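Take this structure, written in structure tokens, and hold onto it; I'll ask about it next.
Chains here go by letter, A, B and C, matching the order in which they are written, and residues are numbered from 1 within each.
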Amino acid sequence: MSQAPVNIRELLDRRKVGYSLEAPFYNSQEVFDADMKHIFGKHWMYVGVEPDVPEAGDYMTVQIGNQPILIIRDDDGEVRAFHNVCRHRGSRVCTHDKGSTGNLVCPYHQWTYNLEGKLLFAEHMGEDFDPSKHRLKPVHLKNVAGLLFICLADNPPEDFQELVDTMTPYIAPHQIANTKIAAQIDIIEEGNWKLTMENNRECYHCTGNHPELTISLYAYSYGFAPSAETDEGMKQYEEMVKERHAKWEACGLPSAEVDCLDTKISGFRTMRMPLDKEGQSQTLSTESACKKLLADFGDAAIGGLSFWTQPNSWHHFMADHIVTFSVIPLSADKTLVRTKWLVNKDAVEGVDYTVENLTAVWNATNSQDRFLVEESHKGSKSPEYQPGPYSPYTETLVEKFSNWYINRMKTLIGD
Amino acid sequence: MSQAPVNIRELLDRRKVGYSLEAPFYNSQEVFDADMKHIFGKHWMYVGVEPDVPEAGDYMTVQIGNQPILIIRDDDGEVRAFHNVCRHRGSRVCTHDKGSTGNLVCPYHQWTYNLEGKLLFAEHMGEDFDPSKHRLKPVHLKNVAGLLFICLADNPPEDFQELVDTMTPYIAPHQIANTKIAAQIDIIEEGNWKLTMENNRECYHCTGNHPELTISLYAYSYGFAPSAETDEGMKQYEEMVKERHAKWEACGLPSAEVDCLDTKISGFRTMRMPLDKEGQSQTLSTESACKKLLADFGDAAIGGLSFWTQPNSWHHFMADHIVTFSVIPLSADKTLVRTKWLVNKDAVEGVDYTVENLTAVWNATNSQDRFLVEESHKGSKSPEYQPGPYSPYTETLVEKFSNWYINRMKTLIGD
Amino acid sequence: MSQAPVNIRELLDRRKVGYSLEAPFYNSQEVFDADMKHIFGKHWMYVGVEPDVPEAGDYMTVQIGNQPILIIRDDDGEVRAFHNVCRHRGSRVCTHDKGSTGNLVCPYHQWTYNLEGKLLFAEHMGEDFDPSKHRLKPVHLKNVAGLLFICLADNPPEDFQELVDTMTPYIAPHQIANTKIAAQIDIIEEGNWKLTMENNRECYHCTGNHPELTISLYAYSYGFAPSAETDEGMKQYEEMVKERHAKWEACGLPSAEVDCLDTKISGFRTMRMPLDKEGQSQTLSTESACKKLLADFGDAAIGGLSFWTQPNSWHHFMADHIVTFSVIPLSADKTLVRTKWLVNKDAVEGVDYTVENLTAVWNATNSQDRFLVEESHKGSKSPEYQPGPYSPYTETLVEKFSNWYINRMKTLIGD
């Protein structure tokens, strides 16, 4: 069903703080186009990890809206990104999800670029042709202790350096460069990407929906603010967190909460949080899923370092494995959620870990979240849907996502 | 292929009486959006039967355009309808086609409503939260002797009460509340909903296309007006109808034709019509498909009571079973036709009836009609299609559908 | 993803000669609609061959955009085309791809037309109805020595007669009317039709992509212009061509190049070209795929007569078989490529030829080209795609296609 044209500026201006967004933010083509232009076109996005391209010449491709992007490790070991578009007649240069190559050879007419994007060879183009004017176009890329972020803008947000500086000491102990991707699973949710993000930003829905995830998760760990109902439990939980943080920080593992989700352009939040029971990993048993740890932590029970970024990622770093999520909008009502599980690159499948056990919790959780996102999307299409109130105790991080989104759009969209 | 924008008011104004509609009425997105807003948004629609929700707590869901609707029987036995949209973050509350429940619990955060739509429980919302402002939004519903109609407008057409008053004595003897749904089959036609309705409103196409249906159908029974060609046959048929009507009405079965298809907002037509051969049922043998009749009619050969409504239904009530059809537009070129076959709720499958025999005629007929609708849709997309003349003898009820549609749109669409 | 509205006139005016087209020509809905209106709506299109409708009453249907077209051989043996739309309520009259019939009977209400499109019979229409005002609407059709072209315009381009006059002596010796269709394969490419055509108009991509096709193809045969790199090889090739042309023309086989690809409204090019090795056919062995030749050529090594037309076809005529291609746009990003292989109608499958051997080269080549078209389409959607330079030596015929397209659009689209 088509929709009346929407006035995005008006929608942004009348957004009611503390309430879910109006329907066009989830459903309209105009808003989706603006999201792709302003949110995904002008911010740093998480797209993969160093182990996606472990060796020189290894590449991966990702598609952001209508933009095919190529990420490749050059001969000096630097990871670079390019627009995956040949300068001759526009063919994609790398056509597979992943691969390894000496030079980048377009399949159409074999125009050949080196790993820095320089055009080395183009047959039949004559003497007037200037190869230096036909390099692959570069894309900004930042490597944050092994997490790869790209930005499609000419001038990326400069405050991303603060994220890099803050997060590097948190993430570095987990040694991403020393891991391999044990599993990657893509799911496509029939819902708007903002519903996927909002779902990620609260655990109000966890008790009723995530029996596997809540085995290791403390009920109060995820963005809960104390209320009359939860006052007692929260106090006990916070005492425990204080004690664990002291212990972990003494071992060189930064743990304290940092939250600038809606106060910076490159908004993020991090915190190392205790896990329940054995306290080792987000698994069904709460014990490590991989015998060979990511590094020499002494004890495997270091909880989970969580890291959330605007607009499109979240990550959990444990002693034994890392699970990392990127969200890529496909259309106003279709969203790709890509999950990667990383383990020590020397771990042996079947000996140190099994993929089934490693992925059990988040596979189940992703599937449950997909259902919730899709049902919200269906409901929010009704003309009778109206924004409802966020819980002041359990949906404060959803509010921060919505705030960030609304403010970024207000700034970028012009009048 | 996209289309030039259409001026609906101009199209309505230049409609030529006695001719099929212009192509944009079947193909354009603008007209489809207007149809959903004005025709399906402001009239009573047939959506199901009492046996869809036989017990307290039983519910069914239907989707009308982008509106998810919930139909549920409350604890007092009353059937109610609601917008199936949680007042928190918009998730659908009931996510299955059918089910049974004590309260209505949203799967997302377990907001809990009672069967009258009152919000009973919402965790973590704090003391300032007022549950009474977050009831499920109701939808108008009318129960016509067991047929369920809803209207999405704030102020539904009032003349529907005349339909209720007129039709109740016709339908009541067939005791819908005492039936069960023996079979339900959904088909999706790749054509505009108006082509589906127009196909239903004439039997000019029956001889050439419906070998199964025409076994029990008298050639002159369906909207035929006498012409030179058919004069003799019509006279004989009308004599027979007169005689049967006298007999059936003496047994308490109203039979006379009532036709206000294009003279009322809630347009409809009804008539009890003789069936050919054994005269009992729309079956391949013309005998009853179910041994246990719907009620104590004395004789099974009471023909078929037909009932047609604008904009979206038709129904045939016989002594042994009822077959009932609802039409729900899915897009400008896709239409859901939902057929339900009802039998006495005490009838035993395999003993009193078989689903195969019960559904044989209308399954075949629906499939044949789907083909005709789809071929008309394909042809009407051609820029060379132009409205052709309706037969003055066999397509008078099609003309009444088109008249009703054009007049309702003219009234509702504004200038 | 939706796109900003495009100004086609501006796009046309700023087209840079010698470069690939700007992205909206491949991606925008507005341009696609204009292509269907002006290019496919006002030029002669190739749609099939005489052996598609060998006998009186044989018909085929084709769909051009939203227009269903019927091509039928009448009782006098003349091939005619009609809009396949009943004049009653718009149903398609012929609903199969191919068939044979005495009269054209609409399936809906059996309105019956003769093979010249005259309405013979329509029941129940009354005395005032005038059948002569309800003939099937004709479509212009030209039969070029067995190749069928249609034009949807009221006034088709008159210069098509020059194509007919020029090409008839080239094609006639291959006796299409004496062939049968040994195989037909439709593929759908996920790309714009202009990318399909551009791909067809150069062999720069052949060496790297078409191992089967290049067995029989001389590297210099396809639109190559001499350059420093290829100078020596080109000279030798041209000597050979001169010698062969003299020989073939002496046998009554016109062979010289005619090229008016971008100088006429009905643009085309033809040339008889030597084939490599055995020189008989575009097969894996370069020998004839069918033992029974199309006619008495004396020697099977008569190379291949190629014939290219704007906007939508190419054809290769050999001694033993003909392979012929039509391109039909389905949407801005979907294109049907229909390939037919013709052999002598008296040839016996399994004895004189096998379908596998006959179709091996072009099946493989089509599949390879589909990949290239689809990758170009993906890349050209990127906002970072920009038109790249055509090779002045190997892409001159692509430039002629683009020139023709741009000039035709400039003339037809108005200001």
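The definition used in the following text is that a contact is a pair of C-beta atoms (placed from the backbone, for glycine too) under 8 Å apart; a residue touches a chain by one contact, two chains touch by 3 or more.
These numbers were taken from a predicted model, which means no experiment stands behind them.
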(message) Give me the superposition rotation angle from subunit A to subunit B, based on Cα atoms, as a multiple of 5 degrees.
(response) 120
(request) Could you check if the interface between copies subunit A and subunit C is built from the same residues on both sides, meaning over half shared, or from different ones? (result) different
(message) Need the CA-centroid distance for the pair subunit A / subunit C, whole Å please.
(response) 48
(request) Could you check subunit C for residues that touch two or more other chains and list them? (result) none
(message) Under the definition above, what is the set of subunit C residues touching subunit A in their complex?
(response) 1-2, 20, 23, 198, 204-205, 208-209, 227-230, 371-372, 375-376, 378-386, 388-389, 391-394
(request) Spell out the residues on subunit C that touch subunit B in their complex, using ranges where they run on. (result) 29-30, 32-33, 36, 65-68, 83-93, 95, 107-110, 123-127, 129, 134, 137, 331
